[in-house]
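Given below, in the form of structure tokens, are the structures.
Next, two complexes with chain A in common: one pairs it with chain B, the other with chain C.
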Partner chain A sequence: MEGIMFYIISIITVGGGLGVLLSKNPYRAAMWMIFSFFGIAGLFVMLHAQFNAMLQIIVYAGAIAVMIMLVMMIMDRRMLESLERFNPQAYWPALIGLALLADLSFLAYKFKINMSNVGKNLTINGSNTQMIGEILFKHYLLPFEVTAIILLVALIGAVVLTKKDIS
Partner chain B sequence: MTGYLVVSALLIAIGATGVMIRRNFMIVLMSLEIMINGAGLFLIAMSYYLGNVSGQVMFIFIAAVAASETAVGLAIAVMMYKKKKSIDINDFSILRK
Partner chain C sequence: MEVLIAIIKLIIVVTVLSVYVMYATWYERKVIGHMQQRIGPKRVGWHGLLQPIADTLKSFWKEDVIPDKADKPLFWLAPALAATFPFAAAIAIPFAPPLHLAGGKVFYFSVFHSKIDILYILGMMGLASFGVLIAGVASGGSKYSFTGSQREAAQVVSYEAVLALALLNPILMAHSLNLEKIVEAQRHLWFVFYQPFAFVAFVIAMIAATARVPFDLPEAEPELVAGHMTEFSGLKMGLFFFGQYVMIFVVSALASIVFLGGWTGPVLPGLVWYWIKILAFIFMYTWFWGTFPRYRYDQLMDIAWKALLPLMVLNILWTGFALAVGLPVL
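After this line comes the complex of A and B, so read on.
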């Protein structure tokens, strides 16, 4: 049962990625991207990471997809749809991508870890969110604050880049 | 376990290929998101199979960095669109004399 669910959700995820790669219309590509994000949220639920599945849906399929669609909304639709699909010399990068896929798949088949504590230590009192909070604020407090600064700097940088008039 | 790692490898390869061969800057940004999601899937899978929740904490950081990267990328896209009226990446050459 779980194997069949895994195959269905993986086909949704990888098919969404291929849709982004191959579709000419960027609006359709954004829809395929949201499809792929929901598939990844399903894979997270299968891996007992419920908090991150909800985070995936809210942040990626909610915020980032809406941000990209809003920017496409203010642009000229005919220009967006009339762009060519691939670079003229797209063969060598596609070959490089295939080589990357072969390399990473080879590593995935050769990868061996100690399987003695699969699925343990992921919850505290049956709650995944509580466990993440414990680890986040006990061991990763400094990276958490640095992430806040990164978000602030990106916000200011985005405002400065869009306001400045280059000539 | 191999299934999850192969799905993650497929997502990373699809995203990298999309960044390299597409001409529309919006789709380049979407391919970057797909690639970041492949890395996040690897982290979550390893967190499950090693029994250590630190991978899930790292995914939160990845989500924050991906959001800021998308904001800056879209700001660059809007800036180039105001200048060139196009988001073809072959037109993005203002630094070249």
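After this line comes the complex of A and C, so read on.
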């Protein structure tokens, strides 16, 4: 049962990712991306990490994807249509991707992944909101705050760099 | 067995909500009619009670027009998503207080119950806007639809943040994301008395999140024809309304659970209190519709980012401080 669920969810995740790459229309690509996020949220649920799953949906599918759609809507329509899908240097990332794939399949072959454990939660039994909060705010408070400040700096930097005074 | 019960619950919830949507339109037309010194629907059935059924039948037989330049798959997807996600949010809303059976079992009157109900509802509410967003994109370059969707995108991003921040205060006070636990925490005094600012911010944000007057910019009739729904006809357009009305029910129920104590209250039984509160919020929507003029787009953004968001951040800081030192929060 878990195995079947896992395969369905992984098909959703990987299929969504392929959809992002293969669709020409940027809006359709955004929809495929949300589909893929759903798959990832499903994987979190299978690991009993419901809190992370819901954050995945709220933050990524709900906020960031809407943001991406908004930016595409504000961009000039002709510019959006004239965008090239691949630039001339597309070979190198493709090579890196191939190398990564080869690496992962080699690892899978070497460590002989046990296919009967597919979809089973072998690590932690039940993660909950309170536990995440305690770990983040008791043990890792300083790194957490530093991350927040880094994000804020990036945000303000983007505003400063792109701001133009409208005359 | 559990799966069977869940399926039966799901069918009941979808049926009840569909009937609710039909009669919500009747109720709204009737109330708005009386507010404007008219009488509203009167001819079909007693006091127009059969009018919603006539409207539904009519929308089934209408010709389904699809623009030539429309993006066909997305054009089909948009109304489907617009109706699906509000229903998905509604399945986590309890329709009645939980029933404590013999043997320590609890029967929940919501299809889906988990420890993170609020997050689930928020997530589905965020996704519900995608129906509207795709509607504008799929309409094949119709300027009205496109502008409507653009507004919806900006509005959703701003007000989802306010909605979540306003909800955070009661969550902090109840120490739980579970709707039952939150109601339980309000046994003695409702959270609206502890958190009046959060409640006001939540009400403003929930009206904006459902895109109703005075924040109905995505479909502002005087400027945009019908906004994102301009190119849709018949049943497809009906599905957008479906989504919107179910969404109104979801946020009303959420507001009454989180701020007004759900099914707690003196004298009357819990079920009655709960539905009085929900119906009061639904009436509030209609009342605002009959009262307020529409805000301008930049005013809408100013309210969210310059007033509500900083206020809510301050409110959370204060709530956290007060809870930490053991003050009664106000």
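Observations on the structure shown:
Operating definition for what follows: the second predicted complex is superposed on the first by the 135 of 167 C-alpha atoms of A that agree within 3 Å, B and C clash if a C-alpha of one lies under 4 Å from a C-alpha of the other, contacts with A are read in each partner's own complex, and residues count from 1 in each chain.
Heads up, the rule we're going with is that a residue touches a chain if its C-beta (ideal position, glycine included) is under 8 Å from a C-beta of that chain, and two chains touch if they have at least 3 such contacts.
Just so it is clear, the model here is predicted, and its values are computed rather than measured.
In the superposition on chain A, A:Thr129 makes contact with chain C only, while chain B stays out of contact range.
In the superposed model, B is the one of chain B and chain C that contacts more residues of chain A. By the document's definition of touching, of the two partners only chain C reaches A:Ala61; chain B does not. Using the contact criterion defined above for the overlaid structures, shared-chain residue A:Met33 touches chain B, although it does not reach chain C.
Using the contact criterion defined above for the overlaid structures, shared-chain residue A:Ala108 touches chain B, although it does not reach chain C. In the superposition on chain A, contact of A:Phe51 is made with both chain B and chain C.
Within the superposed three-chain model, A:Leu43 lies in touch with chain B and out of touch with chain C [touch as defined at top].
On chain A, the patch touched by chain B and the patch touched by chain C overlap at residues 51, 55, 63, 67, 74, 128. Residues 71, 73-74, 77, 114-116, 119-120, 122-127, 129-130, 133-134, 136-137, 141, 146, 149-150, 153-154, 156-157, 160-161, 164, 177 of chain C are the ones touching chain A in the complex.
Against chain B, the residues of chain A that register as touching in their complex are 6, 10, 13-14, 17-18, 20-21, 26, 29-30, 33, 36-37, 40, 43-44, 47-49, 51-52, 55-56, 59-60, 63-64, 67-68, 71-72, 74-76, 79-80, 83-87, 90, 93-94, 96-98, 100-101, 104-105, 107-109, 111, 113-115, 117-122, 128, 131-132, 135-136, 139-140, 143-144, 147, 150-151, 153-155, 157-159, 161-162, 164-166. Of all residues in chain A, those touching chain C in their complex are 25, 27-28, 31, 34, 50-51, 54-55, 57-58, 61-63, 65-67, 69-70, 73-74, 77, 128-129.
Against chain A, in their complex, chain B makes its touches with residues 1-18, 20-24, 26-27, 29-31, 33-34, 37, 40-41, 44-54, 56-57, 59-61, 63-72, 74-79, 81-83, 85-88, 90, 94.
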